[in-house]
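Given below, in the form of C-alpha cells, are the structures.
Okay, so chain A shows up in both of these, paired with chain B first and chain C after.
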Partner chain A sequence: MRSSSRQGPRAGIGLKAATLGAVLFLHVPLLIIILYAFSIEERSFQFPIPGFTTQWFAVAWEREDVRRALWLSVKVGAIATAAALVMGTLAAAAVWRSRFFGREAISLLLILPIALPGIITGISLRSAMGLLEIPFSTWTLVIGHATFCIVVVYNNVLARFRRTSRALIEASMDLGANGFQTLRHVILPNIATALLAGGMLAFALSFDEVIVTTFTAGQQATLPIWMLSELIRPRQRPVTNVVAVFVIAVTFIPIVLAFYLTRDTQDTAGALK
Partner chain B sequence: MAGEGVPAVTFQGVCRHFGEVRAVDEVSFSIADGEFFSMLGPSGSGKTTCLRLIAGFERPDRGHIQVHGVNVEGVPPFDRDVNTVFQDYALFPHMSVGENVEYGLMIRKVPRAERRKRAEEMLGLVKLDGLYARRPGQLSGGQRQRVALARALINRPRVLLLDEPLGALDLKLREAMQAELKTIQRQVGITFVYVTHDQGEALSMSDRLAVFNHGRIEQIGAPAEVYDHPATQFVAGFVGQTNLLEGYLAQRLGGFPASYAVRPERIRILPAEAEVPPGFASIDGRVSAVTYLGANSRVEVEVDEGGRLQVVEQNVEGGMAMEGRAPGTAVRLVIERRHIQAVSESR
Partner chain C sequence: MTAATLPAPLPRGGGVSRFLYGRPGLVLLLLLAPPLLWLGIIYLGSLFTLLAHSFFYLDEFSGVMVREVSLDTWKEFFRSPAHWDVVLRSALMAAAVTLASALIAFPLAYYMVRYAGLRLKGLLYLAVMLPLWSSYLVRVYAWKLILAKEGIVSWLAAQTHLTWLLEALLATPVVGGPSLSTSYLGTFTVFTYIWLPFMILPIVAALERVPATVIEASGDLGANPGQTFRRVILPLAFPGVVAGSIFTFSLTLGDYIIPSIIGKSTPFLGETVYRLQGTAGNIPLAAAFTVVPIVVMGVYLMIAKRLGAFDAL
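Our next item is the complex of A and B:
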C-alpha cells in the first residue's frame, strides 16, 4: 500500500530490475511483430530482418480476403457497440435509479459474460442458435459480441451514475424540464465521457475477440479469425503482421483514450456529489 | 405580512407512509401568500417529506394539497409553480454558474439575450456579480448556495421551497445568510417555505413556524407565540431551552400536578429570605453550578425539596464577578406566574 503513495519509499535496485524485466518480456514481442511487418522476407520469420520495405502495407490493402475481414470486424464492432451503448445505459439507469425485485440478480447476470470463460458463452450461444435454427450471419456475431460489450458500457455508466447526485434529476424537473429534456440537458452531458469511454472499450474488445467469434461466425472471418487461419497456412507472411499492427492500433488507441477520459472527469463529476 | 385571500399552500389531512413509517401523518396547515413559513423539527420528523410533497417529488397517500387554491394531485414537479433550493444545492456540474441560473428559462425557451440579462440580474441579487462563467466546482459552499437560490428565483415561482439551505455552511456565514435570505424574501415578495432543524434559524427568520415531531405538527404559530407559549413538552424542549416542571415542582410552582415549562431566562435569582413580589411564585434552593457563556451565564440551582432548575442570567456587570452565585449559596428563585406555561404531553 505504501509504495503506491507518492511519497512512499524509493524502490530498490532489485525491484526496478524485476519491473524492467517484466515490461520487456511483455512488450518486446509486440515490437518484433511490428518489425516483421517491414521485412522483405516473405516465407519465414528471420531476425534480424534481412531488409526493410513498406510494400506489405500496399499488398495487404489490395487483398480481397483482408478487406472482407476488416469490413466484417468494423461492422460487427460498430453494431455491437451501438447496441451495447443503448442497452448498457438503460440497464445502468434502471439499477441506479430504482430498487426492484431481482435488481441484484440482474446486475450479476449482466456482468456474468465477462466473468464466464468466453468458450462457455460461445458454446452456449452456438447451441442456442442451433436449437432455434438461426443461420450464421453478421447478426449472430453481433449478438455474441454484444454480450460482453454491454458489460463494459454498463460498468462505466453505472460508475458514473453512482457519482452523480440523484438530486440533479429532481432539480431539473423542479426547474420545469420534463423527462426527455432532463435526459438531454442533464443526464446525457453528465455521462457523456463514460459513454465514450465505454463505447471505445467495447469496440476494442469486439475488434480483437476470437473465442466467442469462433462459435458464432460460421464460415465468416473477422480480422482476428483471418489472422489465425493465416498462421496455419501462410501466404505472404508479413501481410499477417501488417494486419497485426493494424489490430494493435485499433484496439490500443481507444483503450488509452478511454483511460484518460474516465480519469480526467473523475474529479469534476464527483466534486459536487 | 401574510397576504389576504387564497393561501399559497394548503395541506388537508395529508398522509405519506413509507412502509411502516408514517413520515407524514394527518398533517393539515395553510401558508398565507407572501409568508415566510418554517417547518422545524428533528431529522425524520416529516418536515422534508412535506416539502417534497409540495414540490411534487412525493405523492400523498391520503389527503389533499393545494397550491394557490389548485389541487396539485397528479401534477408532476415540472408543471408546478414552485421551485426548490436543495439541501446539497444540486447544481449541474457540467454547466457554468450562468447556465445553471438560466436553466429554467432555457427550458421555457426564453431567448438567449433575455436569459443572459435576467441571469446577470439574479446573480446581482444574490451578490455573485461577475461569476457568470465560473463552474460550480470552483465556488465555495456559500457561493454555491447563492447560485442555487438564484437558479430557483429566476423562474419567479409563487412559492419557493428551501430544504435546510444553510445546513452545510459554517456558523458565521449561516448567520449572515439568514439575514440576507430574509431581505431577499422581502424584496421578491415570494412565499418562502423553509425547512430546518435549527430552532434559532426558524425563530429569527419566520413569520410563522410549524414544529414537527414524528410526522405530525405539534404547534403552529408566530415565533414569539411558540417560544412563550409552547403547547407541548416536545415544543418546549425543542424550541429554546426549558425547565420542564413535573411532580412536586409542578404542584408547587404551577398549582396543579400537571406539566409546566419555564424558560431559564424568566427565573430571577434573589438572596435567600428576600421578599417575593406580588404575582410571582417562589422556591428556595442552593446554587450547584455556574457556567460562564460570555453574554450570559447559566446557573444551576438545586431546589431544597428536590429537583433542579436552570437559570440564565445576562452578564450585565461583566467579568466573572457574580456575587452570591458561588456554588452552595442559598438563594430564592422567583418566577412571574404568567411565565409558568402549562404544556400537554406530546401528541
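Our next item is the complex of A and C:
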C-alpha cells in the first residue's frame, strides 16, 4: 500500500485515462437512468431527450401494483435480514471462538449460495418446494432470500470478531459478569456497527434479488419481479424509469452508510458480495 | 498474569449461564445448530433434490415426470448436439466476458493501489462498490436505454460521424445483428458491465499484498519500470485475476436475465434451464443442465486453487 505522501513514480497519462474510462463505464449508465426518469417522451428511448417533466413521479406513486410490489419487497427484505442477522452472527461466533472439525467446510457452505449461479439455488428450492408441495407465499420468498443473505452478515461480523480481543471477554468474566451480561455489555456493543452494516447490506441484497425470487415467488411480485415483467413486456415506460430511480436511491443509501460504518476497519463491508 | 495460575472464578448469576460455562462444546453446538440446520436442510437438501431429479425422466407420451431412477434423461442430454451448442456458446461468452473484465479492471485496480492517495482511493473504492451493490435489473435496464436503436449510442455515432463504424460492427457475422440491443455484442457489453466490479475487488486485494519493498528491490537490482511490472507485479497479482475470474465466469454462465433482455433469441445455458423447468415442464432435463455449471465451476475452482486464487479472495 502506497500513500501519496511517499515519493513514488507518477501515473502515466494512459493509466489515468484507463482508470477514468473504467469509472465512467461503471457510472454513466446509472446517470442515464436518472436522466430518463424526467423525460416527457413516453413511447421510445429517444436521445437526446425532447423535454423534462416531474409528472411521472406522481403517476408512479399512485400506481397500486407498484405500491404492492414495494411493500412485499420491504416485508421480505426485513424478515430475511432478521433471520440472516441471527444465523450469520451465530455462525461467526462459533467459527471465531473455537476450532472444531469441519470449520473450513462451514465457510464454504455459507458462501455456496452466492458462489453457485443463482439459477441453481432458485431451481433447487423450487423443485424441493414442489416435492414437498409447499404453496408459494411470503415465507417461500423469505426462505430463499435468507439463504443467500446469511453469508453477508457472517463476513461482516466475523471480520469484526477477529479484531476483538479475547482478553475483553476474559476481563468481563474476571470482573464477575456472567455469560449473558458479557454478551449484552461487552460483545454486542463491540459488534454493533458490524451488525448494522451487515444487516443493511443483506437488506440491499434482498431488496434487489430477482433470480432466486422468480423461482420462489409464484404469482407474487416483488419490486424487482415487477421491474422484470416491465422489461419483458413494457406497459408504461416512464413509470418503469421512475421506479428504477427509486430503486437506485434505496440501495445506494445503505451501501454508502455501510461503507462509512466499517471504513476504519481492515475489511470493508461488502468487499465480497 | 496470575489469572493463568488461579482457578477461574465461577460466574455469578443465572443458573443457565453457570451451566453453560463449563460446557464449551454445548455452547458451540447451540451456536452452530441454527445456521447449519438452515443451510444443511433447506439449501443442501434442495440442491440434492434437484440433482436427484436428473435421474427421473419424462414420460414420452403424457409429458409427466416419472419418479423412477433411470439414465434416460442423461442419455437425452448427451445425445443432442443442440445441447452442446448451448453449453459451448455460454462457455465462450463467459470466457470473453472474463477476459474483457480483466483488461478493464487491471488498470483501475493498479492505479487505485499504487498511485491514488488515501482519499481518492476511498472514493474509487466506493465507486466500485456502488454499482456492485446497486440494482442488477436497473443496470440492465440502463443498457437497454443506451443500446436501443434510437438510443444514446446511435446518437453519439451520428454526432461524431461514426455511424459507418457502428453499421460495420453490426454487419459483422455472428456477433452483429439488427441493432446493438439484439446482438451478441450487446449481450457481451452488458455482461462485462454488470460483473466488472467482481473482477476489480480481488485484483485490488492481490495488488495490495505486493510489498513495496519487493518493487523497490526490483528497481535497485536494475529493472526498469516496465520490467518490474511484467516480472514482479503481474505474477504476484495474477492470483487476484484468477479469483475475479471465478465470479465473472460463474455469474455469466448461470445468468438468464441479461441474454433474454439484450441479445439474440438463441439461448444461453441459464435461459435453457429456465425454459426447461418453466414452459417446457421438463424438470429432469433442466436438472441435468444445471449439473453442467456445477461441474465446470468445480473444475475451474480446482485450477484456481492450484494457481493460488483463494489466498487473493
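Just so we're on the same page, the second predicted complex is superposed on the first by the 256 of 273 C-alpha atoms of A that agree within 3 Å, B and C clash if a C-alpha of one lies under 4 Å from a C-alpha of the other, contacts with A are read in each partner's own complex, and residues count from 1 in each chain.
Operating definition for what follows: contacts are C-beta pairs under 8 Å (C-beta built on N, C-alpha and C of every residue); 3 or more make two chains touch, one makes a residue touch a chain.
Here the structure is a predicted model, which is why all the values come from computation and not from measurement.
Residue contacts after overlaying the shared chain place A:G176 against chain B and chain C alike. Chain A has more of its residues touched by C than by the other of chain B and chain C. When both complexes are overlaid on chain A, the residue A:L168 reaches chain B alone and has no touch with chain C. When both complexes are overlaid on chain A, the residue A:I150 reaches chain C alone and has no touch with chain B. After overlaying the two complexes on the shared chain, residue contacts for A:N190 are found with chain B alone; chain C is out of touch. By the touch criterion defined above, A:I49 reaches neither chain B nor chain C. Of the two partner chains placed by the overlay, only chain C lies in contact with A:R97; chain B stays clear of it. By the touch criterion stated above, A:L257 is placed in contact with neither chain B nor chain C. Taken together, the two complexes place residues 170, 173-174, 176-178, 181, 268, 271-273 of chain A in contact with chain B and also with chain C. Of all residues in chain C, only 3, 8-9, 11-14, 16-18, 20-21, 24, 27-28, 31-32, 34-36, 38-40, 42-47, 49-50, 53, 104-105, 107-108, 110-118, 120, 122, 124-146, 148, 150-152, 154-155, 193, 196-198, 200-201, 205, 208, 212, 225, 246, 250-251, 253-257, 260-261, 270, 273-274, 277, 283, 286-287, 290, 293-294, 297, 313 touch chain A in the complex they form.
Residues 1-5, 8-11, 15-16, 18-19, 21-23, 25-27, 29-30, 32-33, 36, 44-48, 83, 86-88, 90-91, 93-94, 97-98, 100, 106, 109-110, 112-113, 115-121, 123-128, 130-131, 143, 146-147, 150, 154, 170, 173-174, 176-181, 201, 204-205, 208, 210-211, 224, 227-228, 231-232, 240, 244, 247-248, 251-252, 255-256, 259, 263, 268, 270-273 of chain A are the ones that touch chain C when the two sit in their complex.
Across the complex, chain A meets chain B through its residues 165, 167-168, 170-178, 181, 185-186, 189-190, 268-269, 271-273. Those residues of chain B that touch chain A in the complex are listed here as 55-57, 76-78, 82-84, 86-95, 103-104, 106-108, 135-137, 144, 151-152, 155.
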